[in-house]
Structure formats: C-alpha cells, structure tokens
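Here is the structure we will look at, set down as structure tokens.
By letter and in written order, the chains are A, B, C and D; residue numbering begins at 1 in each of them.
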Amino acid sequence: MAPTKKGILERLDAGEIVIGDGGFVFALEKRGYVKAGPWTPEAAAEHPEAVRQLHREFLRAGANVMQTFTFYASDDKLENRGNKLALTGAQINEAACDLAREVANEGDALVAGGVSQTPSYLSCKSDQEVKAIFKKQLDVFTKKNVDFLIAEYFEHVEEAVWAVEVLKESGKPVAATLCIGPEGDMHGNSPGDCAAKLVKAGAQIVGVNCHFDPLTCVKTVKMMKEGVEKAGLKAHYMVQPLAYHTPDCNCQGFIDLPEFPFALEPRILTRWDMHQYAREAYKAGIHYIGGCCGYEPYHIRAVSEELAPERGFLPAASEKHGMWGAGLEMHTKPWVRARARRDYWENLKPASGRPLCPSMSAPDSWGVTRGHADLMQQKEATTKDQLKQLFDRSKNH
Amino acid sequence: MAPTKKGILERLDAGEIVIGDGGFVFALEKRGYVKAGPWTPEAAAEHPEAVRQLHREFLRAGANVMQTFTFYASDDKLENRGNKLALTGAQINEAACDLAREVANEGDALVAGGVSQTPSYLSCKSDQEVKAIFKKQLDVFTKKNVDFLIAEYFEHVEEAVWAVEVLKESGKPVAATLCIGPEGDMHGNSPGDCAAKLVKAGAQIVGVNCHFDPLTCVKTVKMMKEGVEKAGLKAHYMVQPLAYHTPDCNCQGFIDLPEFPFALEPRILTRWDMHQYAREAYKAGIHYIGGCCGYEPYHIRAVSEELAPERGFLPAASEKHGMWGAGLEMHTKPWVRARARRDYWENLKPASGRPLCPSMSAPDSWGVTRGHADLMQQKEATTKDQLKQLFDRSKNH
Amino acid sequence: MAPTKKGILERLDAGEIVIGDGGFVFALEKRGYVKAGPWTPEAAAEHPEAVRQLHREFLRAGANVMQTFTFYASDDKLENRGNKLALTGAQINEAACDLAREVANEGDALVAGGVSQTPSYLSCKSDQEVKAIFKKQLDVFTKKNVDFLIAEYFEHVEEAVWAVEVLKESGKPVAATLCIGPEGDMHGNSPGDCAAKLVKAGAQIVGVNCHFDPLTCVKTVKMMKEGVEKAGLKAHYMVQPLAYHTPDCNCQGFIDLPEFPFALEPRILTRWDMHQYAREAYKAGIHYIGGCCGYEPYHIRAVSEELAPERGFLPAASEKHGMWGAGLEMHTKPWVRARARRDYWENLKPASGRPLCPSMSAPDSWGVTRGHADLMQQKEATTKDQLKQLFDRSKNH
Amino acid sequence: MAPTKKGILERLDAGEIVIGDGGFVFALEKRGYVKAGPWTPEAAAEHPEAVRQLHREFLRAGANVMQTFTFYASDDKLENRGNKLALTGAQINEAACDLAREVANEGDALVAGGVSQTPSYLSCKSDQEVKAIFKKQLDVFTKKNVDFLIAEYFEHVEEAVWAVEVLKESGKPVAATLCIGPEGDMHGNSPGDCAAKLVKAGAQIVGVNCHFDPLTCVKTVKMMKEGVEKAGLKAHYMVQPLAYHTPDCNCQGFIDLPEFPFALEPRILTRWDMHQYAREAYKAGIHYIGGCCGYEPYHIRAVSEELAPERGFLPAASEKHGMWGAGLEMHTKPWVRARARRDYWENLKPASGRPLCPSMSAPDSWGVTRGHADLMQQKEATTKDQLKQLFDRSKNH
C-alpha cells in the first residue's frame, strides 16, 4: 500500500463511504474466463489481462477495494468434482494478489484478500481440517501483504467463525460476510445472532454478500446491526448483494431459483435500481457498499454516482455517463432526448419483453444442509447414474 | 491480412459459416468507456486496452470478424450536439483499425472497416456531402488495409446505397446492413426492395443489424433474400441483431421502447435464446451470423456452440463452458447438478423477478423521419428550453 | 311486438344506437345451467327462471335486443357426441322464444331469433341438408313471430350465406355475424369479401361475434365495412365480441387458447375496457353494439353508460352504478373514496395477482377446417381410445 | 326449518362438511342490483326475483347455508353518506329472511341471519350504541326464526365480540368471522388471540371471511385454530374467502389494492383454484367452507365437486358440469377435446392476456383505523372539497 493511503478501518472510523467492487465469477463467466459449475478463479493465472481489465473497470467505476480474485481458490475446492487444473492453489492465489495490487496502485483502492466456504466443511470435516485450508490461503495473503482480509460467502456462521479465527492471526483488519437472508443461516441462526458471533470472533466489519437482491440484503444487514447492538458490541457494516431481483427466493437464495445460473438475465437490475439500493444502504448505516454476482462496472458506477454528494466526487467512469440520463440530450432522436431526466427513469417500470414468461418462479427447496448425505462432496466428476438419479428426484420436488 | 487467411467472400462462397462479433457501444458503455447518447467510439484512442480486451473476448467466443470500432466515427457525428472531443475523426478511425488488426492476428479473424448513418443525411444534406463523409473514413480503411468493408446501421436505404457506392471504390468486398424490421425502412421501402437496391449498388453481402430481436431480424433477412431472388440477383446474407427481446416494437425498433437505452436489462436474451437464433438463421440460409447491441461475449459463444456441428469445432472460450449446462455437473448442490441437461434449459420460461412490471411496453411513435424538422441535427448541446418542449410533447404522444 | 316499438331497421336507418345483449352460454355455465363442451341451450325449457333472469338483467343494463337462447339449438347439434336430452329441438326453440318475448315486453327491446353454425356443415353435408336444419329453427321463429333474425357464429362464410338465404324467406330483417378476426374465415376469405357475400345474400346487418376481444372485433368490422363499400353495397354493422382479452390469438380465436374454456378468468375485461370498446365501435360507424361470451350484465351497462350522451338516457341498472366510480364517494374508507374519478380508472393497469403466470399464451394451431377428417362430427360420446390419441397428438403440437 | 333438517352444530359435531354460499354484494353488483360504494342490500326488498335467483344458484351449486342478504343492513349504515333509501332497515331485513327461507326449503339448506361491522363503531360510538344496532337486526332474525346467526366481516375483534354477545341472547348457534389475514385485526390482535376472544364470548364457530384469497384465509384460520387450542378452548372452524388472488395485500386486504373494487377481474380464481382451496381447507380441519366477494355459483360448485368423495354426493348443478373438464369430450374441435383431463387443468398457468399490465400491485396503506379522524363516518354525501383533498392525499401515499 502506498504510504498515503488510509486503511479500511481508518476510513470507516472516519465515517467515509467505501465502495466495494462487483462479483468476478459471473462477470468473467460472461466474458469467457470462468466456468459455471466449478466457479474457480484459475483465470487469475491463465488470463491475467482479462482479470486485470475487470479490476480496472471497477476501479474506474469508483471502487475503493480490489478484492483478490481468489473465490473458491482453496485446494479442496480446486480439486472438486473433476475440475482438472494444471495450476496449484498457491499459484492462483499469488497471481490474484499481484493483479489486485497492480490495479489498486492505479487509484485510491485497497487490496483485500478473500477466502470463502469450503467443500470440506460441507463434507463434515473437523474444524482443524477446515482451518488448515484457510491457513494456506492466508499464507499467500501475508506474503503478498494485502491491506485487509475478507471471509465471504458462508452459508453457515460456524464455518465463517472458523475462517475469522484463522484470518485474525494475521493482525490485519478482518471483514466477514455471510450469504444469508432475513431467515438466517442454514442452521437456523438469525442474522442478528450470526453477526454477534462474527464480531465476537474478531471481525471488525460484518454483513452479507451474494444470494439475494440489494434491498433484501440491506434488510438483512439491518437485522445484523440490531443483533450486534443488542449484544452490546460494535462493528462496521458492509453489503455486497446480487444484481438480480429475487423476490421469490427462500432461505437458500438464488441458487434455488430455477433460472440459476444460466437464465437470470431478466432479473438483472438497472442502474436506477442501484441508485435506490445505494441510498437505502447508506440510510441504514452501512458504509461499505459493493456488489456481487451480476454486477457489471456500470452498476458500481451508479452506486458511486448516487453517493457522490456524500463523497464529494464522481468516479472516473462518469466522464462517460450523464447523471440520470443526461447524456441523452445528445441523442439524434428528439423523443429519446425527452428521456434525459431523473423522474422519467425513476418511475419507469421496465417490461421484460417476454410475454410467455411469468414474473416469479417457484424455487427448488430440497432443504438439505451440512451433514446431509446429498451434500457430501466428491473429487470425481458426477457419473451418468448419479445425474439420472438427480433428474428423477428433481421432478418430485 | 496474413497470406494464409481466406477472404470473406471465399469463405461464404465455400459455404462456410462466418461468425460475427457483438456490438461494441453497449458493451463498452457498461464497462465505462462509451457515453450513451452520443454513442461515439473515441475509446479506441483513449482507452485502447478496454477495446482490445473486448475484441479478444469476441475472438475467443468464436468470432471470425473483428469489426473496427468506428461506429458513428464520422466527423459530422463526432461534432454533434455538444460532444466535445479532443481527437480528430481520423485519429479515432486509425486507432480502431490498429486494434482490430492486432487481435485479428491472434486467431482466424478478418478485419472489417465499418461506416454507419450520418447526421448529415438526417439533416437533408446532398448525396455529395454525405458521400464525402464516408470517403474520409474509407481513406483510413484503405491506408490500414482492412480485409473488407461494412456499411451498417442505416434506417434509410437511400443513404446505405450512397455508402455502398463510396465503399465499392476501394475494390474490397462490401457488406451492407440496414437497421430495419419486416415493415421496411423509414421511407416505406420493403425489406425485399431494400436488399435488391443494395445488391444493385454493389454490395456482395446484405442483411440487417440492430433495432430488433434475433428472430425478427432473421425474418427480415428472409424477406430480403426473397426480394433479391425475385429481382434475379444473387448475394450472401448476414444478420447482427439485438440481444434484447422486442416483441412490442414498431417500425423504428428498440429506440422507440420506453426502456431505451437505460432499462433494457429485463429484455436481455439468454444463451439458450442464442442457440435458437443461430439455428433459425442458419436454416434460413444466412451464413454470416453475429450480434449487435446487448451482445456480450457469451452470447457469441452460444452461437458458435450451436453451430459447432456444422463448423467442426468449438470456440476457444468453450474451454470454460459445458455445452447445454454440462458444467453444472460439478456444482456443490445436487439440485443444481440436476439442471445439467439440454431439455431443462430449452424449456425454461425465465421469470423477470419484477412483479410490479409489465411484460410489454407501448413504444413511442412520433413517426418522423428524414426531412422532418424534428430530425434536423445541431452541433450545440440541447438547450433547457428545447428539452422542456420535448418533455411536454412526449406527454402528448 | 308492441305496436309502438320501432323495428331494428327503422332504428338503424334513423341513426339510433342499438345495444345488444351479452352471451348466454358462458354466463349460464357459471350459474349452473349450461354444460361446457356441448354448449346447448336446453335450459330455456328446463330452467326458464334462470334464463328469464339473465334476459332481465341484460334488459336492465340497456340492451335493446333479447336474442332467443337458441345457440346450437339445431337438431343435429343437440344430438352431437353423447349429449342426451329429453327435449326436442322444437321444444327448446319455442321455450326460448317465449322467454325472450316475455322480457322484451318489459322494456324497449326487440326479439331476435338466432341460428348458428352446424355440425352438419363441418361434416361436409350438402347445402340442401344444412339449409333444412336452419329451416326447422326458422319455422319456430316464424310461428312465434320474432322481430328479426340473426345468423351468428359462423367460421365459414359459405355456411353463413346458406343461413341468410334460408332466413330471408321469412321476409323479416336478417343480420349475420361471423366469428372471425382480421385474417378472415377458415377458408381464407378476407373480412371484406365475407361481408360483401353476406350483403349480396340479403343480410341487412353484418358484422362479427365471439372469438376475439372487442378491439380486434371492431377492427374486423371496419374491414368488413370497407369491403362492403368497395363492392358498391350498403349495410348496417354490428359487433358482439368476447369479454376476454385475446392479444395472443391466431385465426381461430379463443378456442385455440390453452385457457379455453375453463381458465379464461384472468382475461375478463373490466367495465372501463368496455367504455373504450363502445366508443371505438361507435366511432367506426358500428351502431349495433353488444357482447358475446364472457359478458356479464355490468359489461353491457358500461356500454350503455359510455353511449348515454348519444342515446340521451342511462339504462335502468345505472340506478345502482355511479358513472366512472362515483359510487365510491360513499365508501367507508377515505383512500377508496379517492378512487371516485374517471382518470383513476382509465389509467389503471390492473394486476393479475398471479406472479407465476405469463401474460400471453401460445395458442394451439392444428390448422384444420371443414373437410378435414379431424372435424367429422359423431353422435356417440368420444371413446377413451379416441381421447388417448388426442392427448398424444396435442403434445406434439 | 323443516323438522328433518339437522342444525348447523349437529352437522359439524357429526363431522359433516358444510358448504357455505358465496358473496352477494359483488355478484349482484355485476347483475345490476347492488351499488358499489354503499354496498347495501336493499335489493332484497326492491328486486326479490334477482336475490332469489342467486340463492337458488348457490343452492344448486351445493351450498348448505342460505345466508340472509343483510350485509350492511344496519340502520346507521343504510343512512351513511348520502345513500337515500325509501325502505326501513327492518323492511330490508325481513324481506331478506323470507327469500333465504323460501330457497332453503327447496333443498338441504339452513338459513343464517347475518350482521356485520357498523359505521358507528368506526366513529367511536359506545358499546351500548353499537350493540343496540345489532339488536335491531337480531329482532328480525328472531321473528323470522332463522336457523343460526353469523357475525361476519369485522376488522376489529372488539366489535365482533360485542356482536357475538348480542347474538348469543337469542339462544341460537352463533358463528363469527373476521375479515383479517395472518397479521391479525386492525388493532394488532393476532388471529389466535382474536379467535380465543370470540370463543370466550360464546361463538361456537369461528373463522374468517372476505379481504384475502383462499389460501391466505386458510392459513389465517389455521392460526385461529392454534390460538383456540392453546387457550384450552374448543370450536368449529369456517372460512369464506375472496375469489380473487391477493398475493400483494397488506393487513387491510383487498380494499387497499388499487384495483378495488372495479378492476379486480384479472385476479378472479378459476374453478381449479377452488379445488385446491377446498382440499387445503378440509385438510386444515375446517369443515364449514364457503366463499365471499368474487364467488360465482360455479366456484361453490367446484368446492362441492372437490369434496364430493367425502360428502358422498355431487351438487345438483353438476348435471351441467363434467368433473375436471370431462364435458369437453363433446366439443366440436379435437384439440379442445384433448383438454378433457385433470392434469391439463391442474398444471395450466393461465395467461392474463394483458401484456401491458403487471402481475402484482403496490397496495395503498394509509394505516388508519378506528379512532382516526379519517374514519369518522358522515351521513351526508362526500363534498367536492372533501374529494379534492382525498385525491391530493392519495398522490402522496
């Protein structure tokens, strides 16, 4: 970190707004560098130019954090289900750190090293075994001297607490986000209880990421904040939601929607939805505001633009964006120029263009979680027989 | 062009499928490099790394054509309505040619130099004046030795014919696409008549791009093909549609939708829609198949994957994509693994997640075209008074 | 007919608006007196109080015509497909005439005797055979001295012409309506050609009924009017549409919608839709304006209320209805009182309350018509084997 | 009551299913005999033939209860807001009793005298004043010797308890239903607490009616049942929901929907929805199952048909209805005959035919209840100034 940059806790303690980046796996899947299913981040080493470009776009959009592209970069995950990679986990984690640092140095951004939930936990491995996995990633983050650490995308607060305990050993600031909604984690812990556990384990920043749409996530972090305060604790709060509308989700979030992951397009939020999200998050006392799956750079730009009055500046990418559609004043067609105004976009109810499709879906709900035989992970690719059984069962759900 | 590459006409004459790229202005607007409203391509010179990366992603997705990012790069357009740029048109056109060539050389792709409709035509300038504008762009394409030329995005066949006449002077193959639907061009010429005019003017490849969704565009090119054949002429056919569903459009296409351009998200096509599109286009005898606004690299990859049996190979980016969702066999959750099959995705009717929104919109339809005072272009930014008048008029439409 | 009542042609010749009644089979199916499938009108004899009450409600709503409840009351239809009735066709037709006359005498309404398309025609019987069927119904109408005659619900203009030719023998005024849309009849005759044929056969009033929603029907009658005028002929025009929205219908109308006939509820028009319909019909020069399947008495009342300025009076049932929601001024809740105004109801886009359902359906389109083996009618009930074959075929369509 | 008829409690104690009737005010509004806004039942005296016919249709559909058409027939309500009637409350109540008895005697049905919430309560009158109003109606019911009594459509359990206390004086069985959902009454009492209060006050049958759709009402009655059992009490349960889908309602139910009361058509339940409702209600231990606003006779018939296996017989009106669409076996068109099967109708997701409309609405929520100045009732018609104020306020909500 350049000597003049303030650390993450300094910023939040000073009441500054910290803009996070958006999710990498979905964005890079669309660009051709990540495989849906395994969702592993080997592109950090294989195609650094693509990962660097996405970092740079989020930086231009106003992000203050470059999160290392190390999602699911634990060794047990990289080996999971026939995902054959030529690279070691350490190689991928190191390459990701270098890219994040390179782009962070181009602007006012910090580097955050990230760990996420493990197949080992789902397969009921012990806390020692799971912690050893996090420790291997932490060793790289320490060597590369990231600015702070994030334990993110945990469905079970128990595993997230283990992760926080490992990350705390580094002495760096630690943030922790669960991928839960208002119903709480997969073991039935409420958002408030989850947050209190994480703070007690040492996390200075807590919140949620992924799995639900922005307003649902803001609601969940509010419940976390109430839980932390009720427990007599203190913390900063963060939120990194989906850029997909999920009014029809149950407790496991968008994974359970029939559209996941290849037909979520009609649910993508507009930039105007992002303005509303950023405002609601800020009003709720959440100061670390970013995104997750589905976010493109323009979504983060919209967050930055909404909060420009509070931050005092616009992001670099706003050179190519008129606030509230002002750029349309230069459109060739007069009726499009007439759309260059805030109330037009704020009140528009956008059509799906899909008259044969519904507006909501019935989510799958197998209702299984850690410990259930269905969730024991395997290294081999799924066999035809196993798939056949799954198809048959899915019909009966 | 490397000596071993076959030219565009050689390929089409041999019955090969040519995969086009997707649209640059919408994709780069989301990434933060193009301004909606003017839609001009100065990023080719200002942010070459971003433009290069997008070219590369389309190449990986299977595109055989790198179209120079020169949309709206005519001098009269660059000056339009207060769009103040530090770069000359020639500088932008040259930078765009260099980027396209650099990436084309990384694979089996050709470089196509592109011109598009001009504000001068809308403002009723003479054919000499309009042709002079195209000639300036052609001079750059000639100097940079592009492989072939495309006159694209014309609402009036008259102007497209002028463009073809200019481009033909180069001796290079010429393709021409109108942004029209089944109702024909803004002057009421049917698709069949338009196509015959373009072929007579010298275009070897004709078709449509932009403004309508894939199946509407395929239908329009079919009408063009019938018109060309009825006139006793011959041509190759191409199609580069939107990646937005537009069942509610009238003759002017998605420009007239209230969601244009900042709330089109719910209309974005899935990769499975693209499979259907690619198959229908191919069955209609269209062999140059690409995309326009709304296309992301994964959309082009889906076109390449659908036509892999005919082409005999998959695109590079399919290393990160299982056909028909096969990658999900490696997903952690068993009910998601159950989605790893073609019939699941082919039959899914994806929900919008927006229960307060409709499925179709009523398009604006001012019904004005070239010659109407409303369409006279100006160099100055639109004034407050002008905007006020537009808002008032838009309420009465 | 009471001596003081003006006949149907006198009224139309004088430029008066004639309000028709609504459809009986659907309304009485909901009330428990008609069986969906056979759709026959034996209730006229079996449950006269129910039929009388519905006549009376339409009279109160402003209808000037009491159409005899003799839809599908031809002998060949009554015997069709296992529909075992204890009553003869003549008995049903006579009972229906008596009920219509009784209620017509309670107000300013005429009695119209109606015939409709026959299974015999679909089964390719000769014109002599088909005409003999109409003649039997006409004998009852003549005996009961109805005021005028309607040949309605014909999918093939050829059969409608035969019906008109028979009805003309009575010397009474004859109206004729086809159940077609803008694409014309099942043999491909355009609406304009169909109308001209009917006028030439002697019909003084022509139009359409059933199968399509109001605005589609108005559009079709406009095409009929143009056809009649182009042929140098003269006629009066009538329209009796569905009270269901059918934007997704093909040429055979709502029969082909997957929701027909037991899940059409979400498509039912509001009273405000009826205001728009009545105004559009009147503006198109159609002066005989009524309804068909789906119409409840309040729908006809809305037609009467919209045209009250032209007619100079409100219908009796308006004693129980405030124009444009004015009755809500007496509602208990203030926010409901705030809805007592025209612009509120005119601009409302009513929600379906069904987020898991689409807004449009893909219609069946077997594309078979008279002469096709599939349409040969039988007297026996459909067997299990026949049904099984139909289910299998319907999956492949 | 004929000597051989079992009373309501005998039936329920014996485990019999009792089918209720549907709502009269909405059904008769559509037929032209009730005015929306005041919703008063003067038609019982003014147009007995219309009221009798509706009773008869519900009887044919399987209803075991003929509820007197005395909704809002209290003297204070009849005088409310400019509703000028020539008849006294007593005259209306007496006429309603006579009609219910006449039709009940035609079949196996009981007569229930009904009272409902009063404007006096909303205007904060004392318990003595409110009870005096109920007493006047009870005097008529006693004189006419109805079989049992129902206190229905109460938003505040306090007023319902007062009503029960009055009705109990008669010595007849008393049922009580609130128009509440899972959130409880307007004063925040939970469904369980409300039910316990009603049982303690002497009601032998408790449940809900109106305001919410069937499955929401079943859910609410389940909560009531749990509350009664938790309080160590015993009761029978009844449910009379709307025939409108209301997934978007808040605590005040369909009154708050923007479509209330004149644009609810797209929300109307199909007969197949009714099968599901009847089954769910029965499985929940609710044995008195009927309907309220939006119910047409065919809806009640569907309830009777679903429960025919348990009851051992079909209703009279099933002579005109094939179970699960079986009547379509007699349809002219083969593709419609293919729909004559249960799984077709059970799985259909019916389209709205309204692509410009959403699937859900945002309800009004003024959040005012008894005691708030907004709810003080007046006898005079609402003035123009009052309406203007309401319009302005409704815009700000």
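In this text, a residue touches a chain if its C-beta (ideal position, glycine included) is under 8 Å from a C-beta of that chain, and two chains touch if they have at least 3 such contacts.
Everything numeric in this text was worked out from a predicted model, so none of it was measured.
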item: Taking each chain's C-alpha mean as its centre, the one farthest from chain C; value: A
item: Chain pair with the higher count of C-beta pairs in contact (A-C, A-B); value: A-B
item: Whole-Å gap separating chain A and chain D, where each centre is the average of the chain's CA atoms; value: 48
item: Rounded Å distance, chain A centre to chain B centre (Cα mean); value: 32
item: Chain A and chain C, separation of their C-alpha mean positions in angstrom; value: 58
item: Two or more partner chains touched - positions in chain D; value: 248, 349, 351, 354-361
item: Chain C contact footprint on chain A (complex, rising order); value: 248, 354-362
item: Complex interface listing, chain A residues touching chain B; value: 29-38, 49-50, 53, 56-57, 60-61, 80-83, 119, 122, 213, 244-248, 255-272, 296-298, 301, 316-317, 319-322, 325-341, 345, 348-361, 364, 366, 368, 374-375, 377, 381-382, 386-387, 390-391, 393-394, 397
item: Complex contact set, residues of chain D against chain A; value: 349, 351, 355, 358-360
